[in-house]
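In what comes next, chain A is part of two complexes: it sits with chain B in the first one and with chain C in the second one.
Our next item is the complex of A and B:
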């Protein structure tokens, strides 16, 4: 059970990372900055619980807001460029964040023990959960509560005008601008929202693994972040979740015995999806089919009643 | 007919006895191992598994492990790939702890993964308010300073670098009075290389009278970690993924130091050595990081490493160590200071199992894991491949015997044995 709960923790945290990229991908922007926001959330909330002994909820909230704030700041200059240049700009941002934490040494004596980020030695003992008697089921509950709230918020967003605006920008910027949509505002809003989601994911990640260092937030994690929604598909938030379950649950955990071949399969999978299902596993057609099926079942159920 | 019936009954009873005997003989005690078997550091996991397989086979050849009731149990192992990744190391630790099959774990490979993994364990035993994992670990590879004290469930059998480098510099100073100055660099994004270089190696050299070739370093007194930030600022460093070392090698050359220090793992050690060779830098001596006293350097840059000196806790200089080296090779790996520790760990675990009296009853696995932890914590001395290993139990660490090896004609040869 401990093991399965651990896997659920990993899937939940990675889903948040994927959803942060999903929000931005709706506007057609491929950003590799999500890992930078994730790192900010991880370090800020870790510092707050370890050095300042904050409550976890307050620490996660501030870590998340801090990540959102940086996303907002980065959004303006970064979103002036698009396509490959945006990828380069966002990679640069993530590297700046990573190198900042690589150099950050903030050691404080708390109850006779020196704690806090220690540059290249990493930030150890972010043990709020275990030290405060949280059972693993509680941690999983918290993570999945956050995941559900974020997924519901994104689903709701897709049902209202704001979601249509995001998708309009993602589908055709020129057409959207011609319709009077403020592109900069929409993109910066999506970037900020993505930053907030990544920040809370980072905070949960740091407290689940109890340790973070600059190696944690490398470009590979940024690649995973954008891969989840791309593989899962952008028609529904469920796609990202399915992709995370498939990659983290099946490829990484289920195929552990295959060693290096797991990476090969991951690469192969992306190539296959891009060729065979360019809109992702859960594309528009599949979503429509599922909706039809659900609708039939509901009507059938009502008729039976 | 009576005779025939008797024969059948005798055969049936014999078969039953044999079967029950076999069942007793098949009582198994499982050890879980995990480390990097994928990614850039996969050789570490492959080496550890090769040695683990040999050690477990040896224990079983000797009859297995003695249980509390005096019967013998077979030792088994399983080895998982956790890459060099914190999440994966934690996942495997949770899996092993939850499945209730393995009595103890050996791993993981990387210090960063170990730092994270140890953090999810209960910090202090019997702390009912701490919900961390309760499963004993005896680590073989992760060397970064001070990891084992993260949890009282985690122990290490890794070399003590402050002691090794202190003795190394004392020996160099005594035997090479003409060598006066030092200069060096490290892979700064690697916690072990960086920490050992900037807090241990340079300070030890200073203690034994060596001076920094390009001028005094502020705050460097010789005490551990003194002036470590300035040590890094005064050095010419690189990163773990770097492939070009021309700037660093030029700085090394310009320093004109008698002794050059290359504190990095095999992959960048070879890169740096090759560049030094290309720039025709010929120092009087090169000192390396203990993790580079491995087969990887000999495979990657034996000619350029010629003459390099490294302190290490493993060399095939005793009969037992030579045998482990041969067995590791036969199993498709290499025995080095990291992987050879697995052999010692398996033997330590056998000793502890027999000391504390394990039943092997799967229903008692949690109590018996605790007994193993307490048994490990009670050890003051264990047998190692190079001699006696002293346990520093308040930190869960070890003081291992060590030797100084030098790269000579494609192999690491012992040039001084301070045991």
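Our next item is the complex of A and C:
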């Protein structure tokens, strides 16, 4: 049971990471900065609950806002470049963040115990949940509540004008610009939103594992973050969730007996998806087919009644 | 109505426009002719605000447009139909038209749907295909869609960048008939073309752009009489 809940935790947190990259990918921008925002969310909210004894919700909120704020700042210079150069710029950002926390030593005596980030030794005392009597099932519940809220918010974006604007920029910047869309504003807004989502994911991650250090926030995690929406497809937020379940649940956990060979499979999977389903697992046609099926089913149900 | 004064635009060290001045009159079709690499598209991009000029001024109906970004320039009444059409391929024809009304406020919803009906009247093929993805349309239909999309912003002048590019002769005839009709309905148009023979049928005034400079300007008759232009653009000699 604990093992299963643990996997649910991981899937939930990785879904948030994936969704933060998803939002930016809608505008056609591939960013590896998501892990940097994730790290900011993790450390800031951790510091707030551990050193300043904040309530978890307030700490998560401020952690994700801080991540969003840095995403906003980074967005302006980073989004002036495109493609490969954006990848390089965002990798640099993530590395700067990682190395900052690698060097951050902020030990404080709280109730007779020395706590706080301890540079290379990591940040070990993020025990808010245990100290306040949360059980694992509650933590999983909180994580999935946040995942659902974020997914609903992103789904809602597609029901209103904002989603169309994001996708227009992703489809063709020149055409979007000719229709009067302010490219910089849209991209920076997507970057900021992605930062907020990654930041809250980082906060939840830090508190659910009770321990973070700089090894957690390497670029590999950022490549996972972008591969979820790419494998899942950009048609729907569900695609990202499915991809996380598939990769974390099946490839990483299900094939654990294969040890390091799993990485080979992961690489193979990316190549297969690019060749066989270039629009992702859940592409436009599949979404349309599912809609048709659903409407048939509901209509059939009415006819019976 | 649109006046361009001594416009210089460069890509890094390379000057693509070296001081271009021209005037597009209200209710007229003004045509810019020029060979590949003359700076035609650069000029269009600079006028539309996609590129920023180094020096020079652009003004439309006495409003200064120089250095404003593309979104602001569109709102001031200058709409660009980009070269190669650039419709949103995954969106339906109807959604593409809605995208064109992006600058209209929510309060204008009734007017927007009115405008869409007008576009359907003008381009019946778009009405027939209103729910199809724009990417499935033929080149000519996409050109009409791109044109209709630009008109949805209710511009006071329309810039068209090589509307004939990559289209079969019959479709080109159709596109030019539409341009003529639009102009007769009162739309001011600034047209970039390589197809001089076709442009002669619609344009009221010509500018010849070569290597970033205006090398000739005049009426269609003056253009036809010019020996060099005749040889270079109209064939024969």
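Everything below uses one rule, namely that the second predicted complex is superposed on the first by the 305 of 305 C-alpha atoms of A that agree within 3 Å, B and C clash if a C-alpha of one lies under 4 Å from a C-alpha of the other, contacts with A are read in each partner's own complex, and residues count from 1 in each chain.
FYI, a residue touches a chain if its C-beta (ideal position, glycine included) is under 8 Å from a C-beta of that chain, and two chains touch if they have at least 3 such contacts.
On a predicted model such as this, the values are computed, not experimentally measured, just so you know.
Colleague: By the touch definition at the top of the document, which applies to A:179: first (chain B), second (chain C), both, or neither?
Modeller: The second partner, chain C, only.
Colleague: Figure out whether A:6 sits in contact with chain B (first) or chain C (second), or with both, or with neither.
Modeller: After superposition on chain A, A:6 lies in contact with chain B alone.
Colleague: Answer with first, second, both or neither: which of chain B and chain C does A:53 touch in the superposed model?
Modeller: Once the two structures are laid over each other on A, A:53 reaches no partner at all.
Colleague: When the two structures are laid over each other on chain A, which of chain B and chain C touches more residues of chain A?
Modeller: After superposing on chain A, more of chain A is contacted by B.
Colleague: Is A:298 in contact with chain B, with chain C, with both, or with neither (first, second, both, neither)?
Modeller: neither
Colleague: Quick one: classify A:164 as touching chain B (first), chain C (second), both or neither.
Modeller: After superposing on A, A:164 lies in contact with chain C but is clear of chain B.
Colleague: Looking at the overlay, what does A:109 touch: chain B (first), chain C (second), both, or neither?
Modeller: In the superposed model, A:109 contacts neither chain B nor chain C.
Colleague: Would you check which partner chain A:284 touches, where first means chain B only, second means chain C only, and both and neither mean what they say?
Modeller: In the superposed model, A:284 contacts chain C only, not chain B.
Colleague: For chain A, which residues belong to both interfaces, chain B and chain C?
Modeller: On chain A, the chain B and chain C contacts do not overlap at all.
Colleague: Report the residues of chain C in contact with chain A in the complex, numbered from low to high.
Modeller: The touching residues are 48, 50, 69-71, 74-75, 79-82, 86-91, 95, 98-100, 102-103, 149-150, 153.
Colleague: Tell me, which parts of chain A touch chain C in their complex?
Modeller: Contact set of chain A toward chain C: 164-165, 167-168, 171-172, 174-175, 177-182, 284.
Colleague: Which chain A residues qualify as touching chain B in the complex?
Modeller: 1-7, 10, 102, 120-122, 124-127, 129-136, 209-216, 252-253, 256-257, 259-260, 262-263
Colleague: Show which residues of chain B lie in contact with chain A when the two form their complex.
Modeller: So the residues of chain B in touch with chain A come to 37-39, 42, 80-81, 86-88, 90-92, 94-95, 97-99, 112, 115-116, 119-120, 122-123, 129-133, 144, 150, 188-191, 194-195.
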